[in-house]
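Scrolling down, you'll hit the structures one after another.
You will see subunit A twice below: alongside subunit B first, and alongside subunit C after that.
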Partner chain A sequence: MAKYIEMIRMRFLMMLAYRTNYYSGIFIYSINIGAYYFLWSAIYGGQPSIQGMTVEQMTTYVAIAWMARAFYFNNIDREIAMEIREGKVAIELIRPYNYLMMKTMQGLGEGIFRFIFFSLPGMLIVTFVFSLHFTTNVQTWSYFALSTVLSFIINSQINLLAGMVTFFTLNGEGLLRAKRFIIDLFSGLILPISFYPQWAQSVMHYLPFQAISYIPSMIFTESFTRDEAVKGMMFQAVWCVVLIVPIYLLWKAAKRKLIIQGG
Partner chain B sequence: MYAIEVEKLRKEFKSYSSRSGLAGAFRDLFTRNYKIVRAVDDISFTVKQGEMVGYIGENGAGKSTTIKMLTGILTPTSGRVVVNGMNPHKERERFVQTIGVVFGQRSQLWWDIAVQESFRLLKKVYRVSDQAYNEHMDHVIETLDIGPLLDKPVRKLSLGQRMRCELAAALIHNPPLLFLDEPTIGLDVLVKLKIRQFLKEINEKYNTTILLTTHDMTDIEALCERVIMLDEGKIIYDGSLQHLKQNWGEGRQIHFQFRDMVSKEELTSLVPVTWEQGEDRYNWIAHVLTHDMAHVIGKIVSSYELKDIHIREVSTEEIISNIYEEGIHHG
Partner chain C sequence: MFYISIFLQYMSQYIKTKLQYRTDLFVEFLSDLMFQGVNLIFILVVFGHTQFLNGWTRDEIIFIYGFFLVPFALFASFFNIWDFNERYIVRGEMDRVLTRPVHSLFQIVLERMELESLLGGITGLIVMGYAASRLHLTFHWYDVILFVLFVLGGTFVYAGIFISLASISFWSDARSSIMPMMYNIGNYGRYPVDIYNRVIRYILTWILPFAFVGVYPAAYFLRKTEWYTYSFLTPVMGVICFTLSLLLWNAGVKRYRGAGN
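The block that comes next holds the complex of A and B.
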């Protein structure tokens, strides 16, 4: 376990080495939150609530969804693809650790870094600028924390899967771009799932994406009842377990087929 | 016990070829032409613990592919590989704990952060105790003279500095078996000498087995008693470097500089050996066997006036390139 914790630390150091990337990140996120804030304010107009959510819940939803994204979001899919393309995966395979686990830990190191240096100060700024509603309920906060950890796991698992597909295609740029877009759209980052038409909602119920953003954000804004929150987290937990199966199978097949490029 | 046992090892790759033209590209979408390329073709050899073996061959001869199978990165198509008593591919995580690898063309250090952070991570990864680490690595760091580099990010190091750090990184867990894939590529002579000296030292101190691939024959001469030579995926020679030199490098080249111009016919009629012209018709090189040397020199000296003579041993590099050009059976 020590080696995995060391890897988190390592990634933390790497992020520190490239601070400028993250300053521009704060800026982009703030613009996104601001834009959605005004968009939703305009959509609500004078209406007290749409789909059972007040305008305050809605704007808080958007802000928290983006801030949580800073934590769960990572580029390990791109990194895996790159390491395969450049043959670096060879170096990874001569080390006594599980490559996928190491990549996940790197993602976690990145997530923790962004959470401390990005989400926390960012959230502080956003609460001063916009009128958002943050609950004082400890239970909501702890549910949200747990739910966000689960969303990190699911997002990382999907990234691992997407990255590994490049074992077979050797160039998965288009696929990775499509995946990113699908996650932003279907996870509820841009629009809460409850706003989608009924048929789309029922389709998405069989997909893991809403576990990434929709569920933790709904928990945070207290748009979910306690039962719904527990059910949501169960949904997340089940997907965490279910996704292990394709990861395991794909990794096994990938290792068998592994072509180290460039010599 | 053998450090490496390889029996009838084979690796085949599918090599796709594209059809020409737009119509061809469309056809490629559905069915693609491919042929099976055999990169490593039924090779067998063993390496004893503590041996230093040079694994040589031209580009594309299958050296890297073999190393990748021996280190568990690639799965063999067929054949048996046992390294350090384990099947590299089956027991990967346990197996890699017992080997160190340096790929000259690929860095295993983290590019953006200080070298010591990479070392620290690897120390954790290989579960090396503080005591063992200090004991072993203090020595390694001192011998390779990398102490002042440890707090610099890898991207700021020169190639020679980086390579020494790479070598140290591969030895953090003091593995009994070390694979070096072109470790001296692009390095200057001083760094090369330092690295060779160091490799010899750890081989003596820890009885470390070293398998070395390189295009630099001076590396092999300095380090390896035994060479395995590969051509088109097959082993064409496996034995001592000494033996190879005796069989192949027995001849000498004698370079004569004459005071007057001479022709090849004259020389050949006087001494019937292979003559090769030097820079001009004053300079001629005779390729002779060692025991004919005195006879040839005597004849020439008594018939012509000379300005200069050198005698040169055939270099290992020339021996190797001769073997690739003419095949091993000639000698």
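The block that comes next holds the complex of A and C.
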């Protein structure tokens, strides 16, 4: 366990060395949030609420969705693909740790870094610029925190899967890009899932993507009732466990495949 | 004439190299299409819940988005200079470019072109066609000429802004991290500017004139007479932006000393 914590620390310190790169990142996120802020205000026009969400809840939803993204987002899928292409993964495999676990921990180190140096100041700026509504309910905040941790786990698991699939395909770049669009669209980052037509919603109910952004953001804006919030976190937890199965199978297959390539 | 023949030669080389790796090309096409699809789905889903966006209908917004895709595709194909600082200044490639008897910017445009992005323009035309037929828009013969002028104007607005940004790296070793920021600001121009507050509208019109890439020129074809002045300013803004950026570029090149010792 200590070695994994060390992994988190190392990645955190590495990111810290390049922290100036992140100041412009805050502006980029603020600009994105700003665009959606005006867009949603115009979309609401005079309507007091759409799909049970007021315009204040909606703009807060957008802001928190982007800021939470800074925490759960990572590039471990690309890193895995690159390490495979460059053959580094062979050395990683003989080291005394689990490669996938190590990658996840590095992602967590990055996430913690971005949470402190990116999300917190970013949130402060965004709150000042746009009139956002933050709850003072402690329970909502703690639910949100738990839910965001779960969304980090699911997003990392999906990244691990996508990274491992590049073991088997020649063009990994296209696959990873496609994955990104799917997550942008189906995770609820740009649109709450409840806005989609009914048939699309029922399809998405069987997919893990809404656990990444939709559920924590709905909890934060209190658009979910308490029951719905608990149900949402159950949904996340179930997917966390379920996704272990394909990761395990794919990892076994990938290791076998790697031996053939290295021979 | 010399420039045209060089352009054609670069282009034929480019097509040859790209056709070597057809699957890569196909994957790139597909991911471009998905990117445009995400934005379209956003518009479609949102208009499932509202009739008007500040008085603009769903099909009008789709039309603006379709129009935006055409100049953006031209820009993305020929002015792929977002990593100019790393690629040319830090690595010293600029020295090589400057020893050749063709304008430096023209060479960089040729070296970095990505013709596959042009497909986005075709997507844009299809999207526009779909919206136009639903809106029962009628076009005159001279609209074709205006369309070409407006598209070129929009392309040069985009190009001007990004060339100016690239030129900054002649003066300071600024990281190119402002480039992605500009791409994001560019997205503001895809929606009617009257939904933003006055400050942003002013910036989008006169300082970073991204509104001239999407909503202003498209408003002409949507017959929004109140925006006509801005629509017809599009080619003018394109020329102004591009000229200013060229002046800035040339001044920067004069100042360039190379990254080595």
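Everything below uses one rule, namely that the second predicted complex is superposed on the first by the 255 of 263 C-alpha atoms of A that agree within 3 Å, B and C clash if a C-alpha of one lies under 4 Å from a C-alpha of the other, contacts with A are read in each partner's own complex, and residues count from 1 in each chain.
What we mean here is this: a contact is a pair of C-beta atoms (placed from the backbone, for glycine too) under 8 Å apart; a residue touches a chain by one contact, two chains touch by 3 or more.
Here the structure is a predicted model, which means the values were calculated and not measured.
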| item | value |
| --- | --- |
| Partner chain in contact with A:96 - subunit B first, subunit C second, else both or neither | first |
| More subunit A residues in contact [subunit B versus subunit C] | C |
| Subunit B versus subunit C as contact partner of A:14, first or second or both or neither | first |
| Which of subunit B and subunit C A:88 touches, first, second, both or neither | first |
| Which of subunit B and subunit C A:173 touches, first, second, both or neither | second |
| Subunit B versus subunit C as contact partner of A:43, first or second or both or neither | second |
| Partner chain in contact with A:145 - subunit B first, subunit C second, else both or neither | neither |
| Intersection of subunit A interface sets (partners subunit B, subunit C) | none |
| Residues of subunit A that touch subunit B when the two form their complex | 2-3, 6-7, 10, 13-14, 17-18, 87-88, 90-91, 93-98, 255-256, 258-260, 263 |
| Residues on subunit C engaged by subunit A in the complex (per definition of touch) | 23-24, 27-28, 30-31, 34-35, 37-38, 41-42, 45-46, 48-50, 52-54, 175, 177-178, 180-181, 184-185, 187-188, 191, 195-197, 200 |
| Subunit C partner contacts - residues on subunit A that touch it in the complex | 21, 24-25, 27-28, 31-32, 34-35, 38-39, 41-45, 47, 50-51, 170-171, 173-174, 177-178, 181, 184-185, 190-191, 195-197 |
| Subunit A contact footprint on subunit B (complex, rising order) | 13, 64, 68, 71-75, 92-94, 96-97, 99, 101, 103, 105-108, 110, 112-113, 117, 120-122, 124-127, 153 |
